[in-house]
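All chains are identified by letter, namely A, B, C and D, in their written order; residue positions are counted from 1 within each chain.
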Amino acid sequence: MIQFLHVGKSFPGGRSALQDVSFQLERGEFAFLSGASGAGKTTLLKLIYREIEPTSGQILVNGRNVASIPRTKVPFLRRTIGVVFQNFRLISRKTVLENVSYLPRILGMSQQERKRLAYNTLRRVGLAHRMSAFPTELSGGEQQRVTIARALINRPEILIADEPTGNLDPELSWEILRLFLEINGKGTTVLLATHEHQYVRALGGRSLVLERGRLVVDEHVEGHVGDIESKPAEEAEDPIQPSTGDLM
Amino acid sequence: MLARILGYFFSEAAVSLRRSWKVSLVAIVIIAMSLFIGGTFLLLTSNLTRVVENWRGDARIVVYLTADKVAREDSQVLQLASEPPWVTAVEEISATEARSRFEATFPSVRELFKDWKEEPLPPSLEIAFEAEGADDGQLDEWLVSLRAHPSVVMVDDDRDWLRQLEALIAILTGLGAVIGLVLLTAAIFTIASVIRLTAYLYRDEIEVMRLVGATELYIRGPFYVEGVVQGLLGGLLAIAALYGGYVVLNPKASTTFLGNVLVDRFLSPEALVFLLVIGSVAGLLGAVLSLRREELGQ
Amino acid sequence: MIQFLHVGKSFPGGRSALQDVSFQLERGEFAFLSGASGAGKTTLLKLIYREIEPTSGQILVNGRNVASIPRTKVPFLRRTIGVVFQNFRLISRKTVLENVSYLPRILGMSQQERKRLAYNTLRRVGLAHRMSAFPTELSGGEQQRVTIARALINRPEILIADEPTGNLDPELSWEILRLFLEINGKGTTVLLATHEHQYVRALGGRSLVLERGRLVVDEHVEGHVGDIESKPAEEAEDPIQPSTGDLM
Amino acid sequence: MLARILGYFFSEAAVSLRRSWKVSLVAIVIIAMSLFIGGTFLLLTSNLTRVVENWRGDARIVVYLTADKVAREDSQVLQLASEPPWVTAVEEISATEARSRFEATFPSVRELFKDWKEEPLPPSLEIAFEAEGADDGQLDEWLVSLRAHPSVVMVDDDRDWLRQLEALIAILTGLGAVIGLVLLTAAIFTIASVIRLTAYLYRDEIEVMRLVGATELYIRGPFYVEGVVQGLLGGLLAIAALYGGYVVLNPKASTTFLGNVLVDRFLSPEALVFLLVIGSVAGLLGAVLSLRREELGQ
């Protein structure tokens, strides 16, 4: 459950990125956040996992006031939230496997377990064959998929995805969206920031639209689920490029 | 649980050291250099202190006797001189011996005495004593009684000179301590700077770890371990360099008094352990200092 | 003029990203480069401005063999090529103005000239009001537009754009495309790597398609120019978000 | 053209120093520390060398005369002693004066002479000379003629002692040079390391500049200027610290002989300029070294 109550955010220079934003997402909802470039989407998302703090208003995540969580407890909030960052944020000195299984590792999962879990998750995004590569050795879209795998690996309660398909071809994009839908079906709340209006139209769900920092639309859109099923099949036989063999 | 976390720290640190060995090498060499400089001072001052300690042990009280003393009186003086418990040895120096010693010390003036009929210097007693054994009052009293004895011409008290020497040692030790401290601070600061630069280099990485849900323990632990390991390696490198320098310099230095004084013995095992500890602590301190300011959120 | 002759590229690990790629782009052409994620688009583009060198084959740019240009002359090749990097590559310690006017500056343009030029170029991408901001203070789409402005500022002979609208909303994307068309109209050769099939269909032009490192399509597509003109008007009144006032 | 490029370098370096002042400060302080340590040695050795030079100037040849010499003979010796061109001064020391000098030097044994009727020490001539003025052959010849004179008892030649002193100075200077060189290398390496770390920190930035079409000149120039400026600032900081230490230590040190010898005078202007030059060169060298490996392309 994510609740924004009259949230405002101004940056040190005095720029206001969000003004009086209020909305409520129920557990298990699937919501789209859209808006023009610079409308405040990323800012809104950063507030949820407390990368930044609001300058006014209150934010509740699972009933807890995010701003009042003591600093040492913030990691525990973040562990329940999977985030696909707009700028990827991969650790360049760690391999794909290490990047993806970082959280399971510090949560104490055994090496074998971790590897299995990472392999399965990476397979879902079509990257199982690149597990031992470093991020700099990946294409843009491959990096983006590693980021997605990292966000999903711990089965988070909340999934936040900031423009997760900006570097992916339409086929892969639909595949990723289908993955999000599946995870949502298992109970994860999904909040997806995107420019692709077609996704909202096709999938349906909660639609939040920001305009220059203000929430101007908050509605439920009926999806045309046929679109999702047909789209990928229309344009590619096998949407996810098969791994080229060298697994593990 | 603890074993798991420590295992995590060490394996992360090992991977990081391997993958960023260039940066690590810079840090290690800087630590080594700081410790090498510090160790050089330690080597010089420890040898100097040892020499000064020897001098201190050589301090004597010299009792000059009248040349025409009779044996009985002499043994009386001898007894008076050996009486106090802090006296460790009394040596009798005859007039002949005194002259030959003087001539040995000042060869250039030996000709002056050549034509003299009587011995130029009086016989004397050299009294070795433990400076720590006696309080000054007792010692002074005893000196007065010695001086009052009829067959004693004069009492030459090395303590004046010893006091000056002790003041000198105190100054040297103080200077050494100050220089050592300055260098150590410099070393720690250098190391901290390097580790801070390194942390700055990896600030994005650290931020990502935070954003993904790692606690400070997990973020900092590997850096601390890395700091300690770098410090230890730096210490080992410094010791190797010091030993190399010692081996090269020692044969040359021993031909001169000063060189001999300065690089006679290599550092004691305790001093070596001390260097390693300092290195590790500096590495740890550097890591702690450099991560201290890395606050949440940016 | 860009010419690829049986070009192959393998990375040190042994991964082959391009195989036997041959094509020729005439001066003033407008070409689309598409293909799935990891197909080799970015690799192909990097070869043109010699960020990397081919492992086999020849690449000619304006009649010169790129691989045989001496190292010290490479900057002069690059100055004739404007590049919109997929991962932006902005200098984080420089402001937007400084980033955009870096090349004019080292080419010896006066400060006033530079500022005027940068202002005009940034205005074209809707960012004139953010000239003194640092890249980290910008949204993803804003950073992408700074990168575009930097590529355009020197009126390059060749414009290479790698997924230049991945972080932009459709309105802005069409506006950027229109900008590229305009520049192309003035004689600049444009090579645009993109996942958006709709662009190719709408604009028409040369279409190159990569599949797992091989060039599988090289054709001319007829555009439906009506699409370009109507698209933005359909969905937004003013495609480019107006500057919020504080100019220069 | 050149002015424009230099202007570009300096303004870029200034902006960079301002925007990354934390990193720059680390570099500056490390340079300052290296130069401070080097400067301390410079200060100590320059004072020591000066003292030794004074001693060298004080070297004398002492001619001891028979106590019963007559005035005519004495003036004959005096003439013989003053004859050579390299003799700068001849001082006559009477027997009484010799005794009082001896007593002043060895106060503890003054009582020995108390009862003597005749003067214990002979009169003498102290001859100051320029060691550089005479070749050893001439000097030896002259000494032989002096020794042969009937009223001369003995000739004491300070040159033996002087030769030993000179050997000692040579060793000290060598040691100082070696330590100085080691420290300087250490300083340059430290600085290079820091600048390399800094360059590593900004490798993305450098790569972008390359990709956008900047020539190496434009990429490296500002870093070189930054290195030089950091070196200069580090040098100034080191001089300030040295002066601070000098002002604090000097009054305390002057109460002891050793302290007095070591920190009597501050560094000469030439030495200060030398430190600044070393700082700048080290900064430049660090920049050059650190950018050397940054090759095109990756």
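Throughout what follows, a contact is a pair of C-beta atoms (placed from the backbone, for glycine too) under 8 Å apart; a residue touches a chain by one contact, two chains touch by 3 or more.
Please read these numbers as outputs of a predicted model, since none were measured by experiment.
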Intersection of contact partners for subunit C and subunit D: none
Cα-centroid distance, subunit B relative to subunit D, in whole angstrom: 25
Where subunit A and subunit D are represented by their mean Cα positions, the distance between them in whole Å: 67
Centroid spacing, where centroids are CA-atom means, of subunit A and subunit B in whole angstrom: 62
Where subunit D touches two or more other chains, by residue: none
Multi-chain contact sites of subunit C, meaning residues that touch two or more partners: none
Touch-based graph of the chains, sorted into line, ring, star, complete or other: ring
Touching chain combinations (by label order): A-B, A-C, B-D, C-D
Parts of subunit B lying in touch with subunit A, wherever the complex brings them together: 4, 8, 16, 19-20, 202, 204-205, 207-216, 218, 296-297
Residues on subunit A engaged by subunit C in the complex (per definition of touch): 11, 13, 15, 34-38, 41-43, 86-87, 133, 137-142, 144-145, 162-163, 166-173, 195-197, 212, 235-236, 241
Interfacial residue positions of subunit B with respect to subunit D in the complex: 22-23, 26, 29-30, 33, 36-37, 40, 64, 108-109, 111-112, 120-122, 153-154, 156-157, 167-168, 171-172, 179, 183, 186, 189-190, 193-194, 196-198, 200-201, 256, 258-259
Subunit C to subunit D touching residues, read off their complex: 49-53, 71-72, 74-76, 78-79, 81, 83, 85, 89-93, 102-103, 105-106, 108, 150
